[in-house]
Structure formats: structure tokens, C-alpha cells
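Heads up, the next two complexes both have subunit A, just with different partners, subunit B and then subunit C.
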Partner chain A sequence: MGAYLARRLWQMVPTLAGVIALVFVLFNWVGGDPALILAGKVPDPAQIENIRRQLGIDQPWWVQLWIFVQQVFTFDFGRSWSTNQLVSDVILSRLGPTLTIMVPMLLLETLLAVTLALLVAWVRGSLTDRVVMVVTTVAMSISFLVYIIVFQWLFGYRLAWFPVQGWSEDLWTNLVKFAPLPVLLGVFVSLAPSLRLYRSFFLDEIGHDYVRTARAKGLSERRVMLRHVLRNALIPILTYVGIGLPSLFVGSFLLEMFFSIPGLGREVIDSVNRSDFPVIKAITVYLAVLTMLVNLLVDVLYHYADPRVKLR
Partner chain B sequence: MIDSARLPGALLLAALALLAGNTAHAEQKVLRFAFRSVETGFDPQRVDDLYSSAVNNEIFEPLLEFDYFARPVRLAPLAAESVPEPEEGGSVYTFRIRRGVYFSDDPAFRGQRRELTARDAAYAIKRLRDPRNRAPYGWLVQDALVGLDELHDEALESGRFDYDRPIAGIEVVDRYTLRLRLKQPDYNFLYRFTMPQTAPVAREVIETYAEDTMAHPVGTGPFRLAEWTRRQKIVLERNPSYRGRTLDTTWADPGDPEHRRVIADLRGKLLPQLDRVEIYPMDASQPRFLAFMNGEHDLIQEVPVTFINQVAPGGRLLPSLEARGIRMQRVVPPEITYYSFNMEHPVIGGYTPEKVALRRALVLAHDVDSEIAVLYKGQGQLAYGPVPPGVVGYDPDFRHHEQDYDPARAVALLDLYGWVDHDGDGWRDRPDGQPLVIDYLHSTGATAREAAGLWEKSMRRIGIRLVARGVQFSDQLRDRKAGKYMIAAAAWAADWPDAQNFLALLYGPNAPELNDNRFRLEAYDRLYERAAMMPDSPERNRLYREMSRLAIAYAPWRLSEYLVWTHLSYPWVLGYLKHPIYHTRLEYLDVDVATRAAAQAR
Partner chain C sequence: MSEPAVIAGAPGGAPSPGLWRIAWRRLLQDRLAVACMLVVVAYCGVMLASAAGLVASDWEREVGVTYAAPAFLISLHDVRDEEAGGAISRRAEFDAVDLSDIDPLAPRYDEWRRQTADVDVESVERSLTLPLGGDQWGRDILRKTVKGSEVSLTVGLAAALIATLIGTLLGALAGYWGGRVNDLLEWLYNVFTSIPYVLLILAFAAVLGRGMLTIILILGLTGWTGVYRLMRAEYLKHREREYVLAARAIGVGHLTRMFGHILPNTSHVVLVQFSLLVVAFIKTEVILSFLGLGVPVEVVSWGTMLAEAQNELVMGKWWQLAVAGAAMAVLVTAISLLTDAMRDALDPKLR
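On to the complex of A and B.
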């Protein structure tokens, strides 16, 4: 296991180098000039030059790249160009609200989707199965934005079951007052595709010989589904959930924007609008690292979900 | 310790104190509302966004302000004792700082009360030109005050701005007197001192918080920052060090019912009345609108255009909202939206008759009526000139048909000057037979995209091929400043309410920074220079009118509309009068907590 982990960690280095190079090229050659934004409504050339000098974007590209590499390895991205806040403070202060929404959303969505998919797979071909498939297809074809607008209007304003928007400093208040509507919305929207996907995983497993053998041995259908089918379908489910894990840390910018949640998703959009490169660069690199680590974690979890999987 | 005999009394006292505390808390006057976008921070010299500036206006006190009632707006003293008279033909202004004005308490003052002095005002002005601050409003004093630009240039060389070196342009005469000397006369110079960017700041506060001044605003204004969750929640509380003042009704219009209501609301009250103000920056318009409609917020400024027909179709407040006591104010702010033609572009630019004819045809062909009706849901008025209503120099009688939507006239003009279809492909070509393709530059965003679509449709109607190019805002800025466009969408909001602030956008020497469509017309420039040397007068207004006439004749812009914004407030919000320049004036607002409680109970 130790050797496997070391090898995988070592393999991350070239990937990270690629990420750094890509982010650097994108921001330095494709992105707009932040000095123009920061110079105000009457930007004169001297002011723009002064800003470029202070931000270090007048330096040769190799100097800028070296500074970026140093920033990545020291976890010090300096200060936000627009608010002058430390980038590390920006990220840390935004992470909590994002996780407060995204973690319950992921847990609920996974739990519900796996349960419902198993039930639907159990009665495959029935009217229930067909109705669920039609409903999920319709649900998937509607834009997330439409759900947000309708849910916020209906449950927040019309029925007043939840506040229309808001956030507090207190985790408990957020969990019981401000998070429920965005979390339910997120679950509702992501449930349909997950349910369909997990159903197909279960149907794949149901078609295998070992299931027929288990049934031939006289095992109950419940035991077949829960002990055999569910367990074997866990690997693709884990893969799917694992792929989505890094998004936990970025959040949904639409949810955060519409419900005034001070999370990372909203921060990314604000930073893009203001060409606040230090913040965007830091979040991009940190997300890339997180994705690599989560992939590694998922690979390790395979071993525990199915002992036949060997980590070499 | 309390002995047992006194225990019941002590408990009773404690209970009463608790009750009193709760009552006091319950009766706190709290106002809640939202900003349309996020703030960046509260260092007055380092920010330029509208919402940070709006908060700074409540925390800091510029030397001057605009009267709450006067329309058109009028200068009034704030941290200064009086509005200075121009000296030496508009080249010198002497401010007398009000005595007994104190900054709110802060650890930077080491427990001492800190009085506002002329040095603080001088320090703030110098901060605008300190290169380290990257002050986006540095241009307010750039090329204006004697010696300040030299100080700036030396700081660029040495890396250190010398705040202590006296310069002729900024003279601290005594503790309460500041004299400013300009390089050349400017009768509009005083307007700059109504802006939070020039508000005095205490040097020890700035030096104490160094890189973190955005989060530590310490001013002399009616409120101070109590809590701040960046881009989420801004809480202001009444500044206990503030001297307080009463409503000045000198410029109120007795015939205006809104003015009468405000006077009745605030008569005899020491301002500010609010104990606490909670501001929620919201990028999305629906939650901002719904938060007002369900009473979470007490007022909504600039009702989103998307929802305007749900509250005021045809400009009339819905009876159901009237029944709830909701009040509506509709205000045309001093700003313009327009489409800029690149005057240096080989096809669309230039001053020869056929080029002028092309631009005038494009103006006439652009369906501005649909733009107002569809894009802005009727919340706009056709713009006739570069000077919007509400500013000094605006002429309500300046009317013509050159900015109308009139495709037939456009076609006639194009035909007359040879912009016809030479090769029979169905599209008009240049007079020399080369293909004519108009490049339209706009920023990304739903409204900008819709406006681009309308341009394409309008041009297709007269046989002109237009290609819209949507780019990030920073890229749009870059291309406009570099002159890489033919037509670009643009807007300008007044920095100060004088026509000069708008007409400067077409002044030749201001190209390309301010005048980014590079309009250079000798006659226009001479008029501008003459007007700049004159105080407000009928003669100056005549020059302004003449400049507007030239701008219409040569068509460097397609003026689109003066937007009309709707503002709503609940009946328990007292004293609310939307000022055309200020985002809010919280000092003049009050909340009737009993009325609010009764409404919420229903």
C-alpha cells in the first residue's frame, strides 16, 4: 500500500506541472488585462503602467512563471488585487459556507439516488420504472436556473417555508434556516441523472451470472439485491461520487449567487469579473490538487469496497 | 457578594435590567436593504465601485455634500464650514474645516479623541496620487493641483511618497484651514470634494492598518462599520462620536409632496435616527426583489427591470402595493448609455460628408424605441443630447429628430452618399465598392447580448451587415482604449452634476483615455476650453448647448436612452427621498418600528 501511495503521489508532480503551465498560459495570454479594470474609469497610461509594475505583470514571462511556481509550493498567493485581502483568507473564509451546502447535498443526494435506483431496478420494466424514467428525463431537460427561480419564488416567497436568501455566522442557524432550501434544490436537481445512472449500474449487475446463481441457490430477492447487487454496484457508484467530490469544494455558483451564500463559487465569479488573478489562480490550482487527491482516495476505497481489487 | 437580605431586590433589579435591555433591543431602529452588486472595501482613496463608495459616504465626511432637497443638485458644506468661493479667477479655493468634528474611536488613536483637521483633508488628497495606493480616482486631482504631480513622479522614481513635503497646491494654512491652488482655473473643481474619494482620513489610522485599510474605515460620518462579511453583509451602526444635525429645509420645494412628507417625517429630529443598518450585496435580481416583497428588506433601490411590470406597469404602482402603503419614487439619474463610433476607424470614422452620413444613417436605423420598450421594459427616455437631465447645463428644450428611429431617412442618406449595394449580394458596400461590414463590440451579459441582437436586426433592415463581438468587460475596455472597434456599447455616470463631466468625453485632448472614440473637432474643443474657464452662467450653458449640437451633427455617438429607475420603500421607512447623485443618504432615514411591527403581525 505504502509503495502504491508513494508512486501515485510522485505521478502527481508532472500533472501539477501541466496544470501550472496551463493556468499560467491561460491567464497571461488569453485573459484580459487586470490593470485596465483596476485603473478606474479614466485610466491613463502612467497609471496603468504603475499598476502593472505593482502587480508584477510587467515582468518577463519566465519571472512571472517562477513567482507562480513559488506561490503554488508555498501556498502563498499574496493578496487579492481587488480587495487587498490575503488570498488564503479569501479561500478559508469561503470554504465553510460552500461545504455547509455541498456536504449535506452530496450525502442526501447519494443516499436517495442509490436507494431509489435500487428500488427502481428491482421493479425494472414495471409501470413504476417507466414513470420514473419519464419523470427523470423531463426533470433533466429543465435548466438548473429555472429550478432555482421557481423554488425560490414558490418556497421562499409564496409559501414562505424558507427565507428567500441569507446567511449567518452561526453554523447551526445556517444548517436549519438558510441551507435547507438550496440543499433541497441541489438534491432535487442532481437526483434525476444520478438515479438513472445508478439504476443502469444495478441493472448491469442484475444481468450477471452470479446473480442467477444466487437466485438458483434459493436466496431471497432482498438478499440478492442488498448483499450481492448493491455491493458489486458500489465500485462504479464510488467512481461517480468520487469524480464529483472536488466540486464539493467549489460549490454551485448559481446557488450561492441566488441565495446570497458567501461561498467559493460566488467568489470565483466575482474574481473573474474583476480579473482578480491571484484568487482565480489559487482556486484553480487548489482544485486541481484536490481532484488528484480525491482520485487517489477513490482508488484506495475500491480496495475496501471490493477486496478483489489489488493496489499495485 | 450579595447578602441574602438583598437578594430579592438584586434579582428584581437584574430582571428589570434584562427587560430594559430586551426592550431597548426590540426598539432598535434597524434598516435592511440590498446592494445590486458586491463591494470591494472601505478605504475611500482606494476604491471606485459604486457600492463601496456608498458605504464610505456614510462612514466618512467629504468636505462638501449635495443638498438633500435641491434639484438640480446644489453644493452644501459638510466637513467644511462653508462652500468656498473661487479666488483668483477660479484658481484658488480655501476650505475652513468645521471645528469640533471627531473621528469615531479607534485603537489607532490610543484612547484620545481625535479631531478632524486640515491636515487630514490634505493627507487624503495626497493619498490619491500616491502610486502605492493605485487610486482609481487619482485623476480627480491629477494635472490639477500645483506641485502634486511632481510629488507623484518622484514617488514613482524613489518608491516612497513624501507626504510631509509642503507643496504650493496643497497648503495647510492652520489647523482648520486648507488652501488649494490649481494649475489653471476650474469652476467645477469643488464638485470633487463631495466625493468619498476625497474625504479626509486620519494618517495614523492608515499607517496602523497599512495593507488592511479596506477593512478598517475610521471616519467622522454618522455611521461606523460594525460588522463586515465580505461580499455578504455590511452592518453599520450609529457613530457615537458623530455631532448630529437636523434637517436643513432651505432648498426644499413646498409644492413637492415628497419633500413635504420628508420634512414631516424628520421635523425636530436629531440625525441620524437609525441605530443600525444591514446591507446585503446581491448579484442576482430575483432574491433582491423577493426579499423586499416579503418584507425582509425595508426598501429596494433600482427595482430590477425584469420585475418592473410586477410592481409598476406603465409607471403606476400596483393598487395592491399601494394598499400595503408601499411608496414609489422614479428618478432619472445623471447618466447616459450610448454607442460609441470609433472616429479614427478608416470606414466608420472621419469628418467628410459621406462618413458623417454613414454614422447618421446608423443612428437613425438603430431601433432605439424597441431598445427602450423591450430591453428596458419602458424604463427609459429617448436621449436627445450628451447631457442628461438633473445636471447643471441640461437643456430640456434641446430637441431634434436626429436621434429618432427613422430607417427610411437612414436609407435615403446611405443612397445619397453612395453606400449602396455595388455587387448585388444584397448587402450595402462602401462608396468605392469594397464590402461594408460593421464590427460591433459589446461585453458579455444578457442585456448586452440582446442589445447586440437588436443592432444586427436594425442594420439588416437597411441592408448593412453587422457582426457582433461579445467579449469580457476587461477585453472590451482594452479594445476601446486601443481603438480596435467600429461601434462599442458604452455608458457614463456623472462624477459631478455638471454638463462638463459628460462633454469631456468628446474633448479632443482627452483622447484616448476619456474620449475613447477619439472625437477631435477643433470647433468643439475651443467651445469646451472656453466653457471650462467660466462659472455657471447662461453664457456657459449656451456653449454647452452648442457643443451638444456639434455632437449630434457629427454623430460620434448613437445616444440611446436616459434610464428611469424605480425605488420602493415600505411605509415605516421615514425620510426617504432618492437623491439623484447619492446611492443612499442613511443619515436622513428613520424607521417607525411600531408601524413595521404592526405590518409584520398582520
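On to the complex of A and C.
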């Protein structure tokens, strides 16, 4: 296990180097001269020169790349260009709200989708199954935007079951007051695609010989589904959840925008609109690292979900 | 489906139909697929007509009153408009009191009246209702939606084309050559997939700016990874097949083997991936335009329409939201169902 982890971590080095190179090329080369963005509407040559010196962009590109690499490894991206906050502070303070929304959403969505998919797979081919499939197809074709606009208007404004938007300092208030509507919306929207996918995973398993054998030796349908089919379908489900995990941290940026939740996703959008490059650069690099770590974690979890999987 | 060339040349007997002919025949038997195909063709037709300026070229004309109601709601709104008209005429009577002796501007009224008489004022006929309602400036929502289809379809198709081309090319290189080329491209793939997709798009959007061409580039340059993965696997599988080995034996060059022999045999994968990407990109374009990261404000897209609709809903003007949302939903459903049908029709196992 130790050797496996060490090897996998070592393999991340070239990928991380690639991510750093990609972000560097994007923001230091394609992105144009940040001094022109920072100097404002009426640029003054002396001021531009000064900003360029401060940011180090009057240096040759390899020095700039070295500065960027140092920033990545010291967790010090300097200050935001627009708010002058420390970038590390910005990221840390935005992480909480995003997780407050996304963790309940992930748990609720996975639980519901797995349960419903198992039920639908159980009655496969029936009218219920076909109706569910048609409904999910149509539901998936409607834009996320339309759902948010309509749900926020209906449940927040018209029926006033939930506050239209808002956020507080207190975790508990957030969880019971402000989080429910965005969480329910997120679950509702991601349910259709997950349900379809998980159903196909279950159907794949149901077709296998071991299911027939289990039935033949007289196991109850319930036991076949829960003990055999569910356990075996867990691997692809785990993969799917694992793939989605890193974007958990970007949060659903649309939800955060509409419900004015001060999370990472909204921060990214704001930074893009304000050309606040340090914030976007930092979030991109660290989320890439996180993605790689999560992928490793999922691979390790495979081994526990299915002991036949050998970690090599 | 792998060796149609060999099957077609089978000795003694008519040449058997190729994969595409069989798939096409199977697709035509599927009524749902045909209906979806008609819907997609209709959207493309409307889009082309709009691009050529045949329809909806005057979408910017303010033909109706502000938030003109959809025509099918006419009876309800007629009454309200009459009430509003009544209020204005009562006000006019009240204003008719003679103030000329205390009004300092009174001596100049005649002069102004003469001047204004010289100017031709064309009073625009604004209708109270429009087929599917009007927006804030009284523009026809039907025409706006038609015009918006131009952006959505162009972006979806062009970006999907770029992404599919990049993905196919890189996948072919990695799968066919293996070795160093494969290592390098796998590294590139890992780099692109280690950044969450949303973030990747936004990072590109931050530096590349706005505009339709920019969105096409962004989506095309970030969306190739899925196609690459599948095409690499296909090429890995096919390069050891007998028909490729046979081609090699008679001295066919690498390029011809890659794109003349293997590509036609894997093109069904390309087609399905392409239509999946079209759906994904149409959805993404709507969101980017909504956020103001997509097309400029003066260009109408379904995304900018939804951005306007957000505030209108609170005022009870739901039609722009409904029409733009429905136009997109119908197109996306049609392409998705068509993709499913194509996948089934092209599946060699079902043959």
C-alpha cells in the first residue's frame, strides 16, 4: 500500500507541472498585459511601469515562471487585484459556504439516486420504468437556468417557503434557513442524469450469471438486489461520484450566484468578470491538485468496495 | 462492423450493404428517431433562414407595447389596457386649465409648435399583443427566439466540430503510434482533466474575453478529452486487426491506414460523440451568455433572453422565459433522443 501510494504520488508530478505550465501560458502569455487592466481607464506610463515591476512582468518569462512556481508551493499568491485581500484568505473564507451547500447536496443526491435507480432497475421494462425514463429525458433537456429561475421565484418569492436568498455567519442558521432551497434545487436537477446512469449500472449487473445463480438457489429478490447487485454496481457508482467530487469545491456556481452564497464558485465568476487573475490562478491550480488526490482516494476505495481489485 | 471491406468483397453473392446503409435503414424504421430528425432539420432550416436574413432579420424592431402579451391571452389583457387608457384621458381633461398668464414659457409655445410641425413624426403602430408576447422594449419574442437559435446552433455545432476534430486526431495519434506519442498525449489529457471542467472554461474565458468566436474556441479547446479517450481506445483495438495488417502487408502508408482504413471503421463513435458534444455545448453556451461571459449584449441568444427573463418573472411576465426555455428544451431533447437512436442503429451487436 505504501509503495503504491508513493508511486501514484510520484506520477502526479508531471501532471502538476503541466497544470502549472497551462495556467502560466494562459494568464501570463495569452492573457495580455495585466498592467493595462490594473492601471485603470486612464493609463499613465510611469504607473504602468511601476505595476509591471511590482508584478515582476518586466522580467524574462523563465523568471516569471519561477515566481509562479514559488507562489504555488508557498501558498502565497499575493493579494487580489481588485479587493487587495490576501488570495489565501479569500479562498479559505469562501470554502465554508460552498461546502455547507455541496456536502448535503452530494449525500442527499447519491442516496436518493441509488435508491430510486435500484427500484427502477427492479421493475425494469414495466410502465413505471418507461415513464421514469421519458420524464428524466425531458427533465434533463431543460436548462439548469430555467429550473433555478422558476424554483427561486416559486418557492422563494411566490410561496415564500424559503428565503429568496441570503447567507449568515452561523453554520446552523445557514443549514436550516438558507441552504435548503439551493440544496433541493441541486438535488432535483442532478437526480435525473444520475438516476439514468445508475439504472444502467444495475441493469448491467442484473444480466450477469451470478444473479441467476443467486435466484436459482432460492434467495429472496430483496437479498439478490441489495446484497449482490448493489454491492457489485458500487464500483462504477463510486467512480461517478468520485469524478464529480472535485467540482463540489467549485460548487454549483450558478446556485451560489442566484442565492448570493459567498462561496468559491461565485468568487470565480466575480474574479473572471473583474479580471482578477491571482484568484483564478490559485483556485485553478489547487483544485487540480485536489482532483488528483481525490482520484487516488477513489482508486484506494475501490479496493475496499471490491477486494478483487488489486492496487498495482 | 469492423471489416466491411472484407465482407463486401465476399466471393459469390451480391455485396452486402455497408454499416452506414444498414444503420440508416434501421434509423428510418424508428418512428421516434425520424420525428427527432425532422425537428433537428427544422431547427437547422430556421437557423439558416435566419442567418441568410430571410426571417427574423427585423427582430430588433419594437413592434409591440412594452411586455406585449402573447396573443392567446388577449381577452384577459384587453380589459386591463382599456382601463389604463381611461385613466390617461381623465388626466388630460384635468391638465387643460389655462395657465398662460403665469407660465413663463407661454410666449414661446407657438414658435415651438411651428418648429415641431416641420418635423415628420412617424407614429409607430405598436400592437398590444404579439404571437408569443413581447419583451421590455416591445420586441417580438418569436423573432428573438428564432434569431437566438442562430447563436446557439452555430456555437454548438462549430465548437463540437472543433472538439471532435482535436479529440479524433489526438486519439488516433496516441492509439496508433503508442510509445512516446502516447505518453505525451496521455500527459496532456491528464493535465486537461485534472482541472474541473467548469473552472477550465472560466479560466479560458477570463483571458480570451467575450464574443461568439471566442466561446466556440473555448468550448472546442476544452471539450476534446472525452472524444480523445474513446478514439484512442478504438485505434488501439483496430491497429492490430487483420484488415489493417493486410493493408500494411501490401504497403499502404501510415497516414492512409490511420485515416483511410481505421477512421471509417470507427466513425460511428465519432458521430455519437459529436452529437453528445453538440447538446452539451448548446447548454453551456446558454449559461455562459447568461453570465455575460458569452456573446455580447447586442447579440440575442437564448442565454441573454433567459437573463432578461429572470427579472420579468417577478413582474408576472413569464412568456420570454417559457419560449426561450422551451425552444432550447425541444432542440436538446430531439438531439439527445436522436443520439440514442443512432447509437442503437450503429451498434454492431444488435445487427
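Rule of thumb we're sticking to: the second predicted complex is superposed on the first by the 310 of 312 C-alpha atoms of A that agree within 3 Å, B and C clash if a C-alpha of one lies under 4 Å from a C-alpha of the other, contacts with A are read in each partner's own complex, and residues count from 1 in each chain.
Here, a contact is a pair of C-beta atoms (placed from the backbone, for glycine too) under 8 Å apart; a residue touches a chain by one contact, two chains touch by 3 or more.
Keep in mind the model is a prediction, meaning the values are calculated, not measured.
Steric overlap between subunit B and subunit C is present once the structures are superposed on subunit A.
In the superposition on chain A, contact is made by A:Q165 with subunit B only, not with subunit C. In the superposition on chain A, A:V298 makes contact with neither subunit B nor subunit C. When the two structures are aligned on the shared chain, A:P246 is found in touch with subunit C, with no touch to subunit B.
In the superposition on chain A, A:V268 makes contact with subunit C only, not with subunit B.
Once the two complexes are laid over each other on the shared chain, residue contacts for A:A121 go to neither subunit B nor subunit C.
With both structures placed on the common chain, the touch criterion links A:T15 to subunit C but leaves subunit B unconnected. In the superposition on chain A, A:V87 makes contact with neither subunit B nor subunit C.
By the touch criterion defined above, A:I149 reaches both subunit B and subunit C.
When the shared chain is aligned, subunit C comes close enough to touch A:T137, but subunit B does not. Among 199-207, 361-369, 397-405 or 469-477, the region of subunit B with C-alpha atoms clashing against subunit C is 469-477. Overlap of the subunit B and subunit C interfaces on subunit A comprises residues 31-32, 149, 153, 157, 257, 269, 273, 275. Remark: subunit B residues 38, 40-41, 46, 48, 131-132, 134-139, 142, 156, 211-215, 229-233, 280-284, 286-287, 290-291, 293-294, 296, 472-475, 477-478, 481, 513-514 touch subunit A in the complex. The touching residues of subunit A, counted against subunit B in their complex, run 31-34, 36-47, 50-51, 54, 79, 82-85, 90, 93, 149, 152-153, 156-157, 160, 163-167, 169, 257-260, 262, 266-267, 269-270, 273-275.
Of all the residues in subunit A, the ones that touch subunit C in their complex are 14-15, 18-19, 21-23, 26-27, 30-32, 137-138, 140-146, 149-150, 153, 157, 246-247, 249-250, 253-254, 257, 265, 268-269, 271-273, 275, 277, 280, 283-284, 287-288, 291-292.
The residues of subunit C lying in touch with subunit A in their complex are 187-188, 190-200, 202-208, 283, 286-287, 290-293, 302-303, 306, 309-310, 313-314, 321, 325, 328-330, 332-333, 336-337.
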